[in-house]
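Each of the next two complexes has chain A plus one more chain, namely chain B in the first and chain C in the second.
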Partner chain A sequence: MEHGTFAALFRHEFHMDFRRWRNLKWAWIYVAALLVLALAALTLWGGQKGFRLEFLLFATYAFPYLVFGFSYRSVKREWTGSTFGWWLTLPYSRARLLLAKYAASLGQTGIALAAYFGAVTLLALYNAAVHGASGSELRQFAEVAVQYLLIVAFISPFMLSLGLLTGILVRSHWKALLPLTWVAFGVLGNVLNWLNLARNSGPAGDDYDPTLFPLESPVYWLGVPAILALASLLLAGAVKVCNKYLAL
Partner chain B sequence: MKTAIHAANLAKRYGKRQALDGLDVSIPEFAVTAILGPNGAGKSTFMRMLTGLVTPDRGTLSILGQHPSWRLNASISYLPDRARWFEWHRVADAVAWGAGLLPGFDRERALALVRDLGLDAEMEARGMSKGQEARLMLAICLARDVPLLVLDEPFSGIDMISREKIVAALIDSFAERRQTVLICTHEIAETESLFDYAVFMKDGRNALSGHVEQLRAERGSVQDVYRQLYS
Partner chain C sequence: MNPAIAMDRVVKSYEGKPALKGISLAVREGGCFGLLGPNGAGKSTSMKILTGLLEPDRGAARVFGRDVRRDGAEIRRQIGYVPQAITLYEKLSAYDNLVFFGEMYGVRGGQLKKRIGEVLAQVGLADRAKDAVEKFSGGMKRRVNIAAALLHRPRLIIMDEPTVGIDPQSRNHIFEMIRSLRREGATVLYSTHYMEEVEALCDELAIVDRGEVIAQGELGDVLDRYGARAVYLELQEGGTPPPLPAGFGKPVPKERGWLIETPRPLEALTAWAAACEAGSAGVKRLEIVRPSLESVFLSLTGTSLRDN
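Let's look at the complex of A and B:
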């Protein structure tokens, strides 16, 4: 029984959202409309002076918030859907139950990132085909895109832990900590904007530099362990609250 | 008769409300026990304590010779109070969930139960009536071959036909298995025939408990005892 239970927990958590998205027809209509708009915009303005392919990456700014939402919602739906009695009485430790939610949210994050950066890459290739962008332009775009992808990937473990902790605090005796986690959500979720502001004091335009950190920057190897340590701390906090301080 | 559950001086407070206030009770093994009482008597708090959802402020609780814990939940099939099912599940998904995560879960029995309870494997939980959802949740609980079955308000807010189907399923299940069963309910008239033992709770305490046959001989039906205690 023990063998494979984590996989079963993961599947349960992961598929819940997959089904939800599959059934949200209006959401797919919005996605299709956005793609059509992006294609039309690239066709009309893609070749003009001042247009930067990197502008396509600005939607990445929302990703840390989205990632938080994945894990926060995975806990919150247990309270709002009145399913917490099934979830919390499963014969597995709360650490295991929360780790399954964490892993499923991480999986969803990976899929969202792959889908977004896949779509952006296709749009960049389309723009190059229509307006004849050079190989160096495409390479430069790819380098910046990878920087954005890496930053989002690195901040994600922290945002996922913060989402889980916030979701757990909602039904705990430590509810008073919620304003702090929401402030952390607001401030730290804006990480890409802070990084960009730090590098660009002027308005976006020809001089605008969309790069964040070169790939060889020590920020990556210095920052990642710190982010992972913080994420682990928050996750451990969520488990502790779930074990001792739930208000059911 | 051996004791399956023993509680001594159990207390639990939610803010200003004392949900349990020194509950002492012993519940016999392999009996179907009714946990009865008006709203706010502490029934659901006691049921939640059995599965570790709620921890007591004081007192001791022994279940099958152990303290409540997530490990012990492998031996307890629990139907939570006011629970809903995962809304994106079909009936088939619910059965797969049970088979993957619940020790002692019998997939074939679950499929037979949902069929007998008038549910189709392709039905989605979010489109179900309250009665259908209650039947699905009960089927998931009854499909487990575990020593202890704890059903908290299995008939709450559901129609008469669903109630009859659930009672019939319970009777079949109890006939087939040797389990200790606890049922918390307000539907005494329809379920009285199920019970071997009854615990009447009042203000977080055990107001009266005993074997149903003995209670009937001394004080009348379970309904009569209920009226004597609470009216």
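Let's look at the complex of A and C:
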């Protein structure tokens, strides 16, 4: 039963988020408009000197914030909708309840990343078809895209834990910690920009280097365990606050 | 037999302000137990402790013999909790809400479908199953909320002021449902600040005020023990009643007659009857009045529950 109920909890969380996105009709209008604009821009300027396919990846900078929002909202909706009385009295430990939210937010993150990078790849292929990009250009684009994707994927567990902890702190006796988590959100959510600034000091010109870290960089194999450890720590903190310090 | 609920000197504070000052309760299995008290008395806090929403600072709370701190998840499997605030997903239909609630308690498939039909019929909303909850009145939402708490056939149903702000039709449905739950053998813990609800539904009660239980027991016993006894007199011609001998207090107007509260109601009745006869006053009604919970609360706290 335990396994089945975790699946049910996960499904419930996922379903609630999915339903929310489906109901956000205006958001889909924006997404469609952005795609049309990107296609138009590629058609008009895609072949010009100075245009870099990697510019398509700039929207990735917002991903850590978006990911934070997934988990933060999943907790916040229990407080704002007054459903916490039901949620917290379900016959499961609070660790399990929070893990279900975490897992559902992770699932959403996966879907959002796949959708975004899928769309960007299609746009790059469209550009190549219209303006005849070289194989090396496409290869370089793919390499940079993978770097962006990996960095977002690596930072996501941390941002998800931070979102969950922030959501829990909102309704706790430790509310005073909220400014710290919001500062962490602001600073660490900007990770892609920090990494980019470390390589490019000026505006994106001809000498602009869109690569963040080569895949063999120690950042990946040193940073990832550290990020996962931090994410676990924050998640454990969220469970602790949820168990002991909620203000209900 | 173990009581369904046993709270032993439970203490709980919110940021240093005491909410429960050592509450002890015993609720027998299969009964309907009323928690009566004004807002802020500690009713909701007690219920939140029993459901595991809050942990007590001190003292012990047990449900079906299990400790709420240690066996919270196992206890919650046997509880159906109806919180004070409506706890539903507004955008979902009543049916979809119930599917979620049922699945979370391990009820699935055909069994869940059948059970949803049963509980919706029980709360009188079978024909509105597919409507979004956001279109429902407060009373209807409350009924869906109660239906959700019953899906897994809990042994104990904890209801925190379920009739606040709802229409009379929904209120009647809820009352009927509680009676039917009791017939099925479930235990009900019901909090309210409406005395008439306790009198209509509960066989046992505890009166809670400022974080303390000030009276507890079977309804009749509590009324007998703490209720102010009174004698009511209504004259045929109206007007002021004949005076009673000293020591019986002063009559106060009530409805169409006069009421006198006294610890010696039989003597007062006899004396009033004699006084009426001596003064040739025609008596329309003269009787000993059953004590009310209102008078119990007044005599125990010195204030009216309604004033609170």
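Before moving on, here are some points about what is shown:
Going forward, the second predicted complex is superposed on the first by the 247 of 248 C-alpha atoms of A that agree within 3 Å, B and C clash if a C-alpha of one lies under 4 Å from a C-alpha of the other, contacts with A are read in each partner's own complex, and residues count from 1 in each chain.
By definition in this document, a contact is a pair of C-beta atoms (placed from the backbone, for glycine too) under 8 Å apart; a residue touches a chain by one contact, two chains touch by 3 or more.
Note that the structure is a prediction, hence the values are computed from the model and not measured.
Partners chain B and chain C, brought together by superposition on chain A, clash. Contacts of A:153 after superposition: neither chain B nor chain C is touched. Of the two partner chains placed around the shared chain by superposition, chain C is the only one that A:173 touches, whereas chain B remains out of contact. In the overlay built on the shared chain, the residue A:103 is in contact with neither chain B nor chain C. Of the two partner chains, chain B and chain C are each touched by A:9.
By the touch criterion stated above, A:90 is placed in contact with chain B and with chain C alike. The intersection of chain A residues touching chain B with those touching chain C, taken from the two complexes, comprises 1, 4-5, 8-9, 11-12, 16, 19, 23, 81-86, 88-93, 248. By the touch criterion given at the top, residues 48, 51-54, 70-74, 76, 78, 80-88, 93, 97, 100-103 of chain B touch chain A in their complex. If you check the complex, the residues on chain A that touch chain C are 1, 4-5, 8-9, 11-12, 16, 19, 23, 81-86, 88-93, 173, 244, 246-248. Those residues of chain C whose C-beta lies close enough to touch chain A in the complex are 14-15, 48, 51-55, 72-74, 76-77, 79, 81, 83-92, 100-101, 103-106, 108, 148.
The touching residues of chain A, counted against chain B in their complex, run 1, 4-5, 8-9, 11-12, 15-16, 19-20, 23, 81-86, 88-94, 248.
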